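Common to both upcoming complexes is chain A, partnered first by chain B, then by chain C.
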Partner chain A sequence: MKITNKEKMTNFCFIIPALILFLVFSLYPIVRTFELSVFQWNGVDKNMVFVGFAQYKDILFNNPSFWKSMLNAGYITLLALTIQNGLALLLALLVNQNVKGENIYRTIFFLPPVLSGVVVGLIWKFVFDGNFGILDHFLYGLGFKEFHDYAWLSEIKTAISSVAVVHMWKGFGYGFIILLAGLQTIPVELYEAARVDGANSWQQFKNVTLPLLMPIFTIVSILTILGTMQIFDLIYSMTRGGPAGHTHVPITKIYEYMNNGEFGYSTAMAVVFGVVLLVISYAQIYFSKKFK
Partner chain B sequence: MLRAVLCLFAVSALFFSSCSKEAVELDVDVMVWHWMTDRQDAFEKLAKDYFTKTGVKVIFETYAPSDVYKNKISAAATANLLPEIFNPMANKKEIASYINAGFVADITDDMNKDNWKDVFFQRALENLSFEENNEWGVKSGIYGVPIDVSSMLIYYNKDLFRQAGLDPEITPKTWGEFVAFAKKLKANDIQPFVSGFGENWIIGAFAQSYQWELFGKEGILSTIDGVIPYTDARWVKIFNLFKELKDNNLLATGVVTMINKDAERGFATGKFAMAFNGSWGVNVYNSMNPNLNYGVFYLPILPEAQHPMRFFGGEGSAFYVNSKSPNKQKAIDFLKWFTSEEQQSFLSKATSNIPANKNASSDLPPILKIFAESIANTFGQLQKIEDWQVVNVLNTSLQSVIIGEKTPQKAAKDVQDEKARQMKNKKATA
Partner chain C sequence: MDFPKLKRSISATITHFILIIVSLSCVFPVFWMVSSSLKTQEEVFSKMSLLPSTWNWSNYVTAFVKADFGQYFLNSVFYTVVGVFFVIFISTLAAYAFARLEFFGKSFFFYLLIATLLIPIPGVFVPLFLLLKNLSLLDTRTGLLLCYISNGLAFAIFLLKGFFDELPKEVEEAALIDGCSRFGIYYRIALPLAKPAIATLVIMNALTIWNEFLLALVVLQDKAKMPIQRGLMVFQGTFVTDYPLLMAGLTIATIPIVIVYLYMQKHIIKGIAAGALKG
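And then the complex of A and B:
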């Protein structure tokens, strides 16, 4: 069947609204961000000074604090990929065993992700507080006298890990729901066949669950990487990048520069950060395909 | 086909009409955007009075917290949608950009008319003015209207002082006395000193007082010019003050990530004996704990310093007028009425702030009076300011000294390195 020009036009008309929204709210901001990144501009001045790739050069070779923030985000991401997703998988496997009240567990585990990041940050900040914190009170009660007034978020040793714990607590529910959905798509017959062949629980997990769950795990990993690298609200509400900049992540750095009237520089940072995320995502997909 | 095109046209028309400026305009003569949530009721009452008196409709809209407000103002400026009255919440360099871009009105002539400018605390008005030959090329004149003034001093809890065997009517005058007082408090299991040092500007404000005392105005300008390095012994001395507090365990637990709201809560609940905070703290403490028995004293001086001690402060809150608004004059007239003695007295009583109109500050409560007296000794006006990146490294280095990550010498060197980097960048851009 041949589509006439008139039909083509009609079809095109139907996609125009979506196309306009995409052009205005997705493509234009990306192009504009790149355009701004080659100018020195404070967001208000009429004149934007063209500086070419000088800001990129400065970010790449002369701004260690930005790369330190990248490392911080990388550290939290590493913990999230391993501990958070490991916990999500474990809980999904347990809930998938036809346990009683499956829906209740599902709801409880999915509660933290739907809470506002700022609210979660403020609540956990109170938990970690060295003066009024519940955690210190609890540890002191257990006999850990050294934690009498320990400021978890103000010590270099524990600040970034404390934030990471909160991020993982808030984020594991997403992975849990997706992995549980993935587990429920695996046909029961495969497990029955494996059992007939004499496979024990570990062998069933290794040879049936894991390979069939791999595509889902790739998606969860990519979402975890992208979500964690872009962490902002928790950091902002818990430490504002402190102590002495030790919990800064790329987005808080970009925000800091933008807030100080460095629009051009901060957009250049955003482009660099975007490229880093693209590379990581691509590498993740590449290796998971290779592994498969 | 025709129906599809018509549908598309209708959707597009709806979309673009909702984006047009006319769609967001309300029946208002003067729109004020501000961030002071605690003062909204008082502002609305005054706006109502003004409408009754003049028939000019003024609306106050709140956007908080202040950094959200700041971003809104900058976005509105880019889109040319600023209200009649606003505040960019920015440093002098950024304010200069707003002025040079034509967003802020020069109100010098109005200030000179009927001696309007004479009703204000001079220091508050100075900070809202630009001098001849300023480095940003702004025409000299007055550009902002202060609505209150503030300064930052040290509050102390009289009951905790008494508990530690200190006379609450005697306060430390020198740094040495301050440390001795704090040690005595510590010896009695009381956390001596707190402030929102997790907020860079507060730790910076504390350090800047000693910068003024050790360097004076000329010394500060020379530092900005790069003539005096941050590795100067006086800067190391400032870093050492923080180290001394840290070494003697005199700072509140977790002070380096503590925001001022938390520090205020801690002081109000009697957890800490002394707090570096602004005059707005009076209102905060009274509302958090009406029974709090506290006083206030000036920052302790360094006996060896060559210059007078200065305090962070001046204009507390201020408003600027949108020069592009057709109702510009109405906005200026409203601000003139808003800052007259009667309205300022009302605002001062309703919000426990120090009025910008000095004639309205005669019947202030005793503690606010001490703050009002200190206004004359707040930081003086500077024709240039330090690069924010240098200030940022300075403030985080102060935090690093407190957590024991850097020695005062290393902290000073790091700030100087950043200064050198910024000077090199400036040279390259030029």
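And then the complex of A and C:
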């Protein structure tokens, strides 16, 4: 069937609404981020002052609080990659061996991920509270007298780790669901063949499960990195970056600068952070290919 | 003694032990939220009983009457329903065209769309704020909705295009010969066939919009327009240590999500797996 130009035009109408929204509200802001990042601008003045890469230079070399926020997010990410994803894998393997109540476990483990960040943050803020919190009450009851009135989120020693625990609590079910779906695509015949060849369960895991699950584990890792580095709702609802900046993460930093009217500076920060994310996720893909 | 059998039952016990411990840790904070929402302030402060001594519903009344929760809740329902409707309508149209129709710049536009799914772009809320300001859409319902709708499009189009690609073309070709218009085919044939994919997308977008906080924080100042997640933070600022009241607010914000989740679990899990494994 030959398609006339007129038909092509009417066909184009199908994508016009999507295209307009996408161009205006997704693509244009991305381009604008780069544009704004070379100007010093408070968002109000008529004149934007062109400063070139000065703001980038300042962020890279003169802004320890930004790099501190990057480290904080990195710390939570490291914990999430190891503890959270380790737990997700363990649970997926356990549930995958046809346990009774598979569906119930699945439903329960995926409950925290469907709750909103704000709700989860505020529930846990209550749990961690020094006066009203059940955690202190519980620890006190166990005989740890020093935890009477201990405010987990206001103490520099424990704030970031407490936030990390909540983040992992909220996130492991997500990795679990994806890994379980991955495990269920591995054909049973492969295990049967391995058993016939005399492989024990550890050898089956090492030689069948692990290599076949590797690509999915990589995807889960990348999603964990991107999701955790860009954490915001939990931090904002639990600590707002406090105590004394000890739980600031890049997005709360960008938000803070924007709120102070430093639009150019905050977008330069967003670009630096975006490049870091890009590098980390491509490094992850590169190494996982190498190990395979 | 039957060793393999004993070994198996021990390992099953350990398995269930681990799974149950983790399950309890998942459920407990949610249970604690609901239980505390029914307590009085004194009870929360003085004793840590698992259940309230008397079920005290007054926190819910206060949340609705004094803390604007009725308004926040209705706003969230509005954003979710309207947002999801437009995401689905606009993305099905576009995905159908990308899968079936010929037009200028087709693959260019498609890959442009997909590129935004693959490249992490943090902090776009800054230029979005300025854009809405220039369009006089800052602090308006329309402004927030437009952000939500365009956020949902790329993934929806990607998922639906894959779905349409796998549908057989014969029925559509027959309809075309019978004189049905392209829009008619989209509306009468393609859309009904895409129901499973649409169901997944409805649920996932509804969850995303209902739970969204950052954009609502950046775009809205007017309490009358705030969705529930944004309202919760205002609420928390006003009633700082009134935890039972706060927990009632959290419970109100959570009930619709939990109901939808329990009913639509399959679709959500399918959507998550599709999103991760195809990405």
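Here are a few things to note about the model shown:
Here is the rule we go by: the second predicted complex is superposed on the first by the 269 of 292 C-alpha atoms of A that agree within 3 Å, B and C clash if a C-alpha of one lies under 4 Å from a C-alpha of the other, contacts with A are read in each partner's own complex, and residues count from 1 in each chain.
The definition used in the following text is that a contact is a pair of C-beta atoms (placed from the backbone, for glycine too) under 8 Å apart; a residue touches a chain by one contact, two chains touch by 3 or more.
What you see is a predicted model; the values in this text were computed from it and never measured.
For the composite obtained by superposing both complexes on chain A, the positions of chain B and chain C are in clash.
Contacts of A:Ser162 after superposition on the shared chain: neither chain B nor chain C is touched.
In the overlay built on the shared chain, the residue A:Phe109 is in contact with chain C alone; chain B does not reach it. By the document's definition of touching, of the two partners only chain B reaches A:Ala151; chain C does not.
Contacts of A:Asp58 after superposition: chain B is touched, whereas chain C is not reached.
Once the two complexes are overlaid on the shared chain, A:Ala270 sits against chain C while remaining clear of chain B. With both structures placed on the common chain, the touch criterion links A:Ile123 to chain C but leaves chain B unconnected.
When both complexes are overlaid on chain A, the residue A:Val49 reaches chain B alone and has no touch with chain C. In the superposition on chain A, contact is made by A:Leu226 with chain C only, not with chain B. Contacts of A:Thr10 after superposition on the shared chain: both chain B and chain C are touched.
When the two complexes are superposed, the chain touching more residues of chain A, out of chain B and chain C, is C. Overlaying the two complexes on chain A leaves one chain B stretch of 261-269, 279-287 or 315-323 clashing with chain C, which is 261-269.
Shared contact residues on chain A (touching chain B in one structure, chain C in the other): 9-10, 14, 17, 43, 129, 131-132, 258.
In the complex of the two chains, the chain B residues touching chain A come out as 1, 4-5, 8, 11-12, 15, 67, 70-71, 74, 77-78, 88, 90, 93-94, 97-98, 100-103, 191, 198-199, 252-259, 262, 266, 271, 388-389, 392, 396-397, 399-400, 403, 405, 421, 425, 428-429. Those residues of chain A that touch chain B in the complex are listed here as 6, 9-10, 13-14, 16-17, 20, 40, 42-46, 49, 51, 54, 58, 62, 129-132, 149-151, 153-156, 159, 238-240, 242-245, 256, 258-261. Within the complex formed with chain C, the chain A residues making contact are 3, 7-12, 14-15, 17-19, 21-22, 24-30, 32-33, 36, 43, 87, 90-91, 94-95, 97, 99-100, 104-112, 114-120, 122-124, 126-127, 129, 131-132, 134, 137-138, 169, 173-174, 177-178, 181-182, 216, 219-220, 223, 226, 230, 232-233, 236-237, 250-251, 254-255, 258, 263, 266-267, 269-270, 273-274, 277-278, 281.
Looking at the complex, you find that chain C touches chain A at residues 12, 15-16, 18-19, 22-23, 25-27, 29-30, 32-33, 36, 44-45, 48, 90-91, 93-94, 96-98, 101-104, 109, 112-113, 116, 119-131, 133, 146-147, 149-151, 153-154, 157, 182, 186, 207, 210-211, 213-214, 217-218, 229, 232-233, 236, 241, 243, 246-247, 250, 253-254, 257-258, 261-262, 265, 268-269, 272-273, 276-277, 279.
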